[in-house]
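The two complexes that follow have chain A in common; it is paired with chain B in the first and with chain C in the second.
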Partner chain A sequence: MSRYPSISSSVWQGLCLLITYVALAFPFSAQAETKTEYKSWEEVMSAAKGGTVNWFMWGGADNINQYVSDYIGGELTERYGITLKRIGINDTAEAVNIVLGEKQAGIDDKGSVDLIWINGGNFRTMKQGGLLFCGYHSLLPNNKLVNWQNPSIANDFGLAVDECEVPWNRAQFAFAYDSARTENPPKSIAELIDWVKDNPGEFTYPAATDFNGSVFIRHVFYHAAGGPDALLGDFDSKKFDAIAPKAWAILNEMKPYLWREGETYPNAIANLAQLFANREVALYFDYDPAIFGINVENGIFPETTRSYGLKDGTIGNTNYVAIPYNSPNKAAAMVAANVILSADAQREKAKADVWGAAPAIDINRLPEEEKQRFTDLPRHPAVVDPATLSKKALPELHPDWISAIEKGWQENVAK
Partner chain B sequence: MLDRWKIPLLLSPALLLIVGLFLGGLFLGLIGSLGYMPQLGREELSFDAYRNILTSESFCLSFLLTFYISFTSTVIASALAIIAALILRRHFIGRSVINFLFQINLTVPHLVGAVGILYLFSQSGFFARLAYEFELIARPSDFPALIYDPLAIGIILQYVWKEVPFIGMILLANMQTFGQDYETAARSLGASRWQSFRYVLLPLLTPGLLAAALIVFAFTFGAYEIPALLGQNYPAALPVLAYQSFTDVDLNARPEALAMGMIIAALSAVMIVGYARLARRYVRT
Partner chain C sequence: MTMVEIRIRAEISRDGLSGPTWFALVLLISWLILPLIPLAVWSISRSWFFPDITPSAYSLRAWRYVFSSTSEVLPALGVTTLIALCATLLSAIIGLPAGRALGLYQFRGKSAVELLILAPTIVPGIAVALGLHVVFLNLGLAGSFLGVLIVHLIPTLPYMVLVMAGVFANYNPEIEAQARSLGADPFQTFYYVTLPAILPGLLIGSLFTFLVSWSQYILTLLIGGGRVVTLPLLLFNFASAGRNDITGAISMIYILPGVVLLLLGARHLTGRNTAAESLRQI
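Now for the complex of A and B:
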């Protein structure tokens, strides 16, 4: 009885994919993005009053949801008379597809999305599709707190931000280990290669189809290339062909010493967390070091978990919020973007028991007293100090590089 | 006049939805799999995607793996279901309780079952911990790999666990309709217990068993979630492979993803047709 729907469930699943496909296949015409019609911040604020902001964001973490709904939502209501509606989604592409579909249907000023938590490939899709509202940074008073000279903020995965999105958090890759179990964890990719050989079965990384697995493979790539400099900019197949074999050789050399002799790799970072929690492997890593502290607090990771960055640096990125071109509440969305950039909101978010996310603003631009309050924030012992970590930050690559590396890994290492 | 139109009219919302979304989606998938993407400046149709995947090693390995998983799960589940049904049709004390316990996992979602399998059989799962406690193993990697393993034991375990009661319930219902008269007649004419099972009961059960097995086969062949959770990373089951290509950032990988979806859909359709024919024959006899 209940069987009939389940046979067709895969078909329905396919159908959903098809609908997404149709939406995605929409022409990527490079159009000039909408420019703002407001002249001053006062104008924006008065236009924003009484407005509603529909913020579409990944909704998978309760602490983040609570921070956005309660703290940011509270600020907006109390101080600006704006209602914040947080719409939790599973994948940012869902919100991108809504805007894409609306553009296709000719809904150019009454869209349902006002703000999206976004970066990387999704930002590229929206920018190329002319789906973003741009050119408003000079209006936002808190924009002065952002260091736009930093290339890893001014570029979102190698694509210029061009005043089309506002930075929200910084994330930087870090390794974690159990200090009670592992005394000297490897501090560079070169050390890791030797460490893996000395500790067979104690290390693995998720497959390239996983976001974090892919980042780990990029670190090995940077190591093989002698640093990221040669890889920045647009994809270059000559450079790729010169470096890739070295990277695959390193990974294949490690393979027999990995968990399960490298016959298989975890499919997702959550599986690696499970392996680390169950002491099957000795090392864990994540693009968001705050997760180490959260996992210790939740009793998943041992109390003695500690984390660190690599000597040669680790890859960092910035994630942003963006306003779609057809948002009917652009003024209110701009006010919301300004609030999340404020020193207070960024500090609240940096608290270990709230979220523990690294600030997107440059705290050196704050008054001394305000800066002190940031540096005084207690940090979870399992989480590496973000200031130390960010001293050696490596840039992300252009999405074309990333997809070439991911494909190459499947072909040359996974098989 | 009005009456004649009443039923089609009442059905029309549902039909519109099914025809429009389902067949429409299938059609879009078909042309997409033929490489029709005017947005990327590709308007000619070609079988390149099908040619590419049918000649690629990973597709062939995935196909073999998926077939192996479905076939093994179906055969094992059918065999166990026959045994279970034979036991459950007898009268014994506590039969209703056992019967209830036998059916209870029909209500458990596949995903929940998969997580259960993970907790029980992984190298740091319940049984591994038990083995460690009794000093049978010294570290997690000493425990045999039953999850994410090349033989897909975890996936097959999950399917067998879930499908035995399903096939069993169908067989039990069949057995109850036949009653025991044929077997009693066979026994009174000198057939052994085995002979009366092999030559009387089994042929009677075959249509129902085949139909149930086909449903299980088609379902396990097209299911994504279990191999995604419990499967190894390469080769991956077909639906997992299709989803990986579909979520590839390269739009040029879409035709291949859609072609894989079409192949899975076509094979499932063949099985559903087969099921319908079997079911019809079964109703007639």
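Now for the complex of A and C:
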């Protein structure tokens, strides 16, 4: 689901870069992340009562907005006396910049952001900038439902979570196609290369500036490298220089057969969705397969939409919620984080007509009866079975690798 | 009805009937209305695929969402209107005397002042706002209604000041002296003499100011920090997510004040009616 928190346009990237420069012009105090002062969950709950949580999150999907405002907001008000204010933003970097700006201005205890839906590069910015409240996992009763042994949960895009954020959703890249139009969609990057040549104009991918475009390019990179193993860990320019030319060659080979002969690429995943909806291209992909079902329900995609993962596997990640170091409502934010981790909230979210997002908790840790209720949930026919998909999950790369690949694509493929 | 008024009325109707004017009117109306039609249709469509002329399925889902408490569209409409009205009022209070000084008097450094007033329309607001953000944070204005209102004055003031400077450049202050010599106090002079003379200009300036404030996105986002939620912010949330149905529905609400103001203001924009009214008053 990281597509949502990380969705961005070139305008925003420029703007955020500008803000970051302004921010860096000021001296930065290298201060460690705040540790919690609460001793027990009871203490947290009593401190949280009557509090307000300002939750900054991507606001472009009415179903997610409704789930958060109505379901999570309702639970918090009824059971804990906490008011939830959902603040819709276009890009998670907006919320990160608010906290960054507040830190510069010396507002260390009454910041305006209490909770952020976050992962990847934004998490790295906040963790490394000392902008997060950390070390509270042992306080949350529902933390026991999370499998922290799973490296793809304990690491957010290669960076250790270190009790600085709480997992919310799991997402894994998948392809979608219209079964009434396309009979045999390509099931691997190698097949895709041939398929694109056989079906000129029927495929394209968003530019690397788009989160989903970037992850597609990473799949091509994994293919060129013969798997992700060589690319894991810190950025290594020697490895990069050895693999990159192969990946660019594949993409450049595809280019003349892409939509509009590859002269231009959609600049956002929403544009690719529009192209697929208009039947201009035959394939769509997304980091979050739930979106296929949502788009069918919203009438954007045809009813005959189906989805699948690749034979060699697809990249998966976890997205989280984090509490800024200067949140004045940390206790209430922790209660909110605990509520979203609860089995009830995770199951509600997994319902196809609510959101369809894969749970971040390990359902094997639930009592048998509770677990059954998860497995019994009907799945939208357009959404690939998450269990099948996750059998072949590939890890995400370190953000430095990702930036190098995105930059290389601009220079070698897009130009 | 005086002879003058009859002649003016006749002029208006003659102008209104002439061919080129009709053509221009139709062109203007279609230019204003045509782009809105797809938005209106999107707002009630469930699925609309290229190259179909009409949607294949209709739904009121987008409107239900827009009017639900989750979407916060109606509170945002209130906030946007209030900010735009306050910004207009403040701009008028500041812009009227400033425009008078620039339009009527010659003084040292006048061109420098004019340049400074024009600056916000030349310098991108975002550059100013980034610097202001830190200042506003320190003042405790960031994320507040007042902060957003103040920052909206940056792009709105130049319009008001420049329009008023233009109005006062063609204004003869001696009629104020005449009114004062006939015993009018300063308030009466302003209300009965100055205001009617500058009203068309003031209305145009206010219209600009209102719409400029109404359409602010970046400044509201930066200074409001997501806590002052105006309609453009909600609109952009859904537009960038590719949700044409909800974008269409919010757009329909978003254009309302512009259309209402234009209809109300159009009567005054030419200044003719006001001229006729002021003639009648004299």
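Here, the second predicted complex is superposed on the first by the 386 of 415 C-alpha atoms of A that agree within 3 Å, B and C clash if a C-alpha of one lies under 4 Å from a C-alpha of the other, contacts with A are read in each partner's own complex, and residues count from 1 in each chain.
Please note the rule applied: contacts are C-beta pairs under 8 Å (C-beta built on N, C-alpha and C of every residue); 3 or more make two chains touch, one makes a residue touch a chain.
Computed from a predicted structure; not experimentally measured.
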Which of chain B and chain C A:260 touches, first, second, both or neither: first
First, second, both or neither for A:414, with chain B first and chain C second: first
Which of chain B and chain C A:300 touches, first, second, both or neither: second
Which of chain B and chain C A:280 touches, first, second, both or neither: both
A:70 touches, of chain B and chain C: first, second, both or neither? second
Shared contact residues on chain A - chain B and chain C: 7, 9, 15, 18-19, 22, 274, 278-280
Chain C residues within the chain A interface of the complex: 45-51, 57, 59, 61, 65, 68-71, 126, 130-131, 133-134, 137-138, 142-143, 218, 221, 225-227, 229, 233-234, 236-238, 240-243, 245-246
For the chain B and chain A complex, residues of the former touching the latter: 21-22, 25-26, 28-29, 32, 37, 39-40, 57-58, 106, 122-124, 139-141, 145, 148-150, 166, 215, 218-219, 222-224, 228-229, 231-234, 239, 243-244, 246-251, 254, 257-258, 261, 264-265, 268, 272
Residue numbers on chain A that touch chain B, as the complex places them: 2-3, 6-7, 9-11, 13-15, 17-19, 21-22, 24-28, 121, 201, 207, 209, 259-260, 263-267, 274-275, 278-280, 399, 402-403, 410, 414-415
Chain A residues touching chain C - in the complex, by the definition given at the top: 7, 9, 15, 18-19, 22, 54, 56, 58-62, 65-66, 69-70, 87-90, 94-95, 98, 101-102, 104-107, 112, 268, 270-271, 273-274, 277-280, 298-300, 302
